[in-house]
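Shared chain: subunit A. Partners: subunit B in the first complex, subunit C in the second.
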Partner chain A sequence: MPETSSTNTAGAVEVGDGPVARSPIRPLPPVRLHAGWEVSGRRSEAALQLADLSPLAKVHVRTSPTSALASFLEVGFGRSARDEGGRLVVGAGPDSWTVIGRTGTASEIVASLQAAAGAEPASVIDTTHGRALVRLTGSDARRLLEKVCAIDFDDAVTPDGATFTSSVARVVTEVVRDDLDGLPSYLLACERSSGQYLFDSLLDAGNEFTVEIDGFPEKEI
Partner chain B sequence: MSTAKRLLSGRPTKMRITSRPGEVIDRSKPVRFTWNGREKSAFEGDTIISALAASGERVFSRSFKYHRPRGILTATFHDPGCSVQVGDEPNVRGSHRLVTAGMKVTAQNVWPSLKLDVASANRAAGRFIGAGFYYKTFIKPERLWPTYEKVLQRFAPGGRVSADSPHGSYDKRYAHPDVVVAGGGPAGMAAALGAAEAGARVMLVEEEHSLGGHLRYGSETELAALAELRREVEASGAIEVLVNSAVTGRYDGNWIAILQRNLPHVTERLVKARAKVVVAAPGLIERPYVFEGNDLPGVMLSTAARRLLNLWAVAPGTRAVVLSANEEGDATAADLSDAGVHVAQVVDARRGEQVVRARGAGSLSEVELGDGSKVSCDLLVTAVGWTAPTLLLNVAGDRPVYDERAARFVPGDGLPANVLATGGIVGDGPTAALVEHGRATGRAAAERALARDGTSVTIPSLSPAPHPALYRSRTHGIVDFSEDISSKDLVSAAREGYDSVELLKRYTTATMGPAQGKLETINTVAVLAEATGRSIAETGTTVWRPPHVPVSLGALAGRVLEPVRYSPMQPWHEAHRATPIVAGQWIRPEHYGDPAREVRTVREHVGLIDVTPLGKLDLRGPDVPKLLNFLYVNKWLKLDIGSVRYGLMCGEDGVVLDDGVTGHLGEDHYLMSTTSSGADAVAHWIENWLQTTFPDWQVYMTPMTTAYASINVAGPKSRELMSRVVSDVDLSPEAFAYMQVRRGTICSVPGCVMWRIGFTGELSYELHVPAGYGLYVWESLLAAGEDLSAGVFGLEAQRIMRLEKGHLIVSQDTDGLTQGYGVGLDGLIKLDKEDFAGKQELEWQLERQGYNHLVALLPDDASVVPPEASQIVTGDRSIVGRVTSSRLSPSLGRSICLALVAPQLAETGKSVTVHLPDGTDVRAKVSEELAQFDPGGERLRA
Partner chain C sequence: MILIPCPHCGDRNSSEFTYAGEVHSRPSPGDARQGPWRDYLYGKDNPAGWTEERWFHGSGCGKYLRAERHTVTNEIRATRPEVGAGASSRTRP
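Coming up: the complex of A and B.
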């Protein structure tokens, strides 16, 4: 395991007077600002890439699976799908969902979900700052994950759109299979404080597949 | 000059012969390496031993006990005489490890050299050091054991490991194949193909460096069959092939452990395969013959000779005698002749002919046959039968049975549905029969794995061929080549009463060496049977147990996965040289150089501490007050919006579980804080109650511990500092009093939560900032407070100040037995509540009394700080308590403690004896208050 390192303020991007939000994962240079967040502008052409997507808006929803809000979300437990607005709705549990949207849109997502909930009991919380989120993309992604996670990643068991929560490198992690342009791709989310550790662990496990760090994606989600 | 010498002369290496059809060496790629410091040449594809044999070497090690010279026996991974040291790596299986350029290979466990080994003097004393010698000789007198141990260690085998040896790269992999096929010979390959054709995902595991089993060193017909099988396997998209890998065991739920070796970037990998069905196709292991001199270099199995000839194009000798009891022996004689090795005599055991003894000084030079004739030779090949490696069957619950007609064990009828067997372990036949059986078995495995009917699959019969029962000649020889156990040793042990095979094994250590019974189990049983006058079936056999091959500790440990957690302010802590402390998974600043100075900063000015690890749980819903009222021992049904309350949680056993404050943020919205170490446990505790006992309550709990960066701003100037960075909250004492909560904007960051509490005993604000802005807010606060002498403080300063204030830390000042009424918070426990977690037990506590109490202790000698965990003792040295926290208070200039003490000591002014780890005692008095600093709380309410 390489030595874990964190964001170094000395290497931070020069900003004005406004607040700067930072991911728990150290951004590789060049570092730039995106919607108030420090992100890496690095671009990789490697066949297997790991990118930090922590700045994306992440809204956690808890409500009854029979509620109007659950119907609005449409996605069942263990599955994920994009809604009309391009947000990824993840069925994280029997009564819980995670909605992932573009950076800076958490308030908007919260408002729309609360409106959909109406008067029914529901918890809609912006967890953007509480979760680290990374994306692993490439044909060897499955082989890498098999080294740190005991789940069966075969297409028949974990197809595109599948989601589950399991131990990844001994960290409780929400895993979403979210293929990109025909390539296997996995989103992995854990609580923020373990983000750098999870990122470093994936890099270490991917060493034999020559995994490379990619910067924050233009497409976001 | 003989034919053999003519053929061999003039070659680049002494024993390398002309190209063979199935050879695995690449003659266009020469490799150079060293053997005991001398340079040797090889070709890519050579093993260490094949390369050395090609160069004419015949001795590769010395035996375990008698230090007899040992050469090639099996030319496989399991060859007991071919373990060598490679660089810093001991016990390398030289007949398996491929040679690489620059490799430094040495013989291990010899002194001063392989050729002249002093310990070989043991041979002279061999008759006195039979089975049980060490047990009997070195057991007494006991006081001499350290001396014995030192001497014996010098003779212990096993090579050398340097303490500076670099750690290899090891990892694990989880796999979920439908079918695992253990063994990549013809039947195993066919089984994999059959399973794949039937729709299964297959993992095919082969111990050798390539698929094929015995076909690899077989006839041209067999090589053609192999090529076709390989082509089919490669073409299949459903078969994952793992070569140079071994199935080491099977565990519950068809959990198959597979060891992969020498991968790019990875020294060894443990594959944890959860297979629906496993097919055991390990083939057969050729059995050595027991006779005098059977371990001389130059005596080898027929499969070893064929492997050397046909895989690595190495002549195993120049003049051979072949003892043959089967087709393999006959084929070996033919291969030897074909390769130009003079076959001096074929001894046909099927006609009653036999070998009686082998002779030679250092290596074989003559064989004596059953009729008394003697034949000069440097190679004796034996082909006397097979051992079925039944490990996978044994561990699946089967008890293989001895088939006298075939002279080997065969599968019993105890296999579960998810384990099948094919190939040599089941029976014999030509390649086509093995393939047919394998393919059908694979199809049946797939049917079972995919939960289909499977009745359409008919597995053809495959029976073991008749074979003469040949174990021992009329002379005695080595049975266990790893442990140097002879048949004479076994007979002696049986005469001593060790006539059960399990006892015999443990007494003599037969089958307990590196070969783990693969070569010697059946011969051991046969010799015991002969010694006791029983049949082999009556004698029975020892049970094979995993691992099938040695597994390194590195592979078992795998990748080092030790999660660590960091706060958003970690970069600042590192940049300012904070001394880290590991708190659970969290890495936290213990201090920044001088904890006492940090205490003064807080007491006199204002200090910041990173308290991000504090548990934070978001609670929403109309029934949250009911939940809080149930979880905490105090009352919670009435808490105004904007207020914060301290609460204590007990488990159902009345033992202190956690504590913290919970704030009422808005309508049906609360934020609960827990201890740093208790965050996960409390979250699970809450979810458990909600899901199992109160499913009708409308409450949603969301862990938010790391969604917020948490900063405690403490000290008399904290309000002044806060006023500089908070724009939308009235911070006046009247508007924002002690134990109140507000939401607002800090350093231009909206959505922050701030509450007034005082763990340090000072006026303080605990800020919870959206975590991504944590570092920004931390740095902004320090910049804003520069003229206020604002500083930072770590855990140590915080612990000092909370101890001065008498605030307990759950799990530091409590333990798994500390009862709710024992922590000095009796007034908090409201037994008049309808119900709450632990109520019944707390009622009994009150009635029963007798529990330990948390008290403050002040040592009589104020300069003595009793270390935490120091015992409190009575005059008769009975233990009546312990110090839970202790520090030298910079604010008070004296030592202060918290302690759990027996109830009779928990009285103000009571003098107790504290026993220190250095053996001395100090006296201390129980203080009236837990708090020694500002007991009235005026500072924190300022």
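Coming up: the complex of A and C.
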């Protein structure tokens, strides 16, 4: 048994001081632990910032758009909205959704969605450890994304709350516009194995706008 | 850039799609003879003109769609979602 874990008398595993999970994106020092995840404690004051949000709970849902679960989720394809619990519900496809919540809440999200689905066919999967998630924030975020993605980022086409899946730096990426305090902000999610590449590509494209890496945020979602 | 109007996502660069072949009706697997079955699997009309094709939007909605495309001008006059088995490809998060 590794030193960081021990089994108590009830048989449950207690986690010690070490990390239990790592993002596919290397955290910049200072590195701290957050709910078992290694995250960066760096703070940037730059006008354009890129942060790794991979520890957030990411639950993938697939069901018919006419099912009870779909009406429970409320959000339609191409849109996103916060639910009562502050989770971001993303209408990712004609019959698929992504629910993003605070770190460590995936199992409770899965349970509530499965309860809402009832006996109807639905697939609810915790993809937290299988997907990378980053946030790009700043008034130049749009100009950066226009360099690596062929979608029209004009407010008329991609307003706050809009979501789509497309090629971003040649990676299949789910993009959600989720403005922060009036600043344009975009969440970008891709397969875990492409996470570091997408992160580096965005940094590279953002060089001319002096993009900076920011650490794991206080307000997660 | 050739734009393909995905019925789910709207106009997208053709590089987001994979060509999945001409649309032909499948002979009944129970009683089809060798000839028609071989034609169904391997035969292509490849006309210089309008043809109906299946495309897969892998970098977008992850759905198959049907497109009417002119093979000489590359004009696409209609697209619609694929229906029935195979309409939805895989569980892609």
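Simple rule for what comes next: the second predicted complex is superposed on the first by the 202 of 221 C-alpha atoms of A that agree within 3 Å, B and C clash if a C-alpha of one lies under 4 Å from a C-alpha of the other, contacts with A are read in each partner's own complex, and residues count from 1 in each chain.
Everything that follows uses one rule, which is that a residue touches a chain if its C-beta (ideal position, glycine included) is under 8 Å from a C-beta of that chain, and two chains touch if they have at least 3 such contacts.
This structure is a prediction, so every number in the text was calculated from the model and none was measured.
Q: Touching A:62 in the superposition: subunit B (first), subunit C (second), both, neither?
A: Both partners, subunit B and subunit C.
Q: Is A:94 touching the first partner subunit B, the second partner subunit C, both, or neither of them?
A: A:94: touches subunit C, not subunit B.
Q: In the overlaid three-chain picture, which partner chain does A:176 touch, first (subunit B) or second (subunit C), both, or neither?
A: neither
Q: So, does A:166 touch the first partner subunit B, the second partner subunit C, both, or neither?
A: A:166 sits against subunit C, while subunit B stays out of touch.
Q: Mind working out whether A:20 is in touch with subunit B, subunit C, both or neither, as first, second, both or neither?
A: It touches subunit B, and subunit C stays clear.
Q: Does subunit B (first) or subunit C (second) touch A:116, or do both, or does neither?
A: neither
Q: By residue count, is subunit A touched more by subunit B or by subunit C?
A: B
Q: Which of the two partners, first being subunit B and second being subunit C, lies in contact with A:211: first, second, both, or neither?
A: Touch status of A:211: no partner.
Q: Thinking of the overlay built on chain A, is A:48 touched by subunit B (first), by subunit C (second), by both, or by neither?
A: In the superposition, A:48 contacts neither subunit B nor subunit C.
Q: Look at A:77 in the shared chain and tell me whether it touches subunit B only, subunit C only, both, or neither; answer first, second, both or neither.
A: The second partner, subunit C, only.
Q: So which bits of subunit A does subunit B touch that subunit C touches too?
A: 60, 62, 123, 125, 127, 130-131, 150
Q: Of all residues in subunit A, which touch subunit B in the complex?
A: Residue positions touching the partner: 1, 4, 6-10, 18-24, 37, 54-55, 60, 62-63, 121-123, 125, 127-131, 146-152, 154, 157, 169-171, 191-194, 196-197, 201, 204-205, 207-208.
Q: Where on subunit C does subunit A make contact in their complex?
A: 1, 8-9, 12-13, 15-16, 58-63, 81, 88, 91-93
Q: Quick check on the complex: what are the subunit B residues that touch subunit A?
A: 171-176, 201, 263-266, 272, 274, 559-568, 570-572, 574-575, 585-586, 612-613, 618, 620-622, 698, 700, 702-708, 747-749, 770-777, 779
Q: Considering the complex alone, what residue numbers of subunit A touch subunit C?
A: Where subunit A meets subunit C, its residues are 58, 60, 62, 77, 93-96, 98, 123, 125, 127, 130-131, 150, 164-167, 172.
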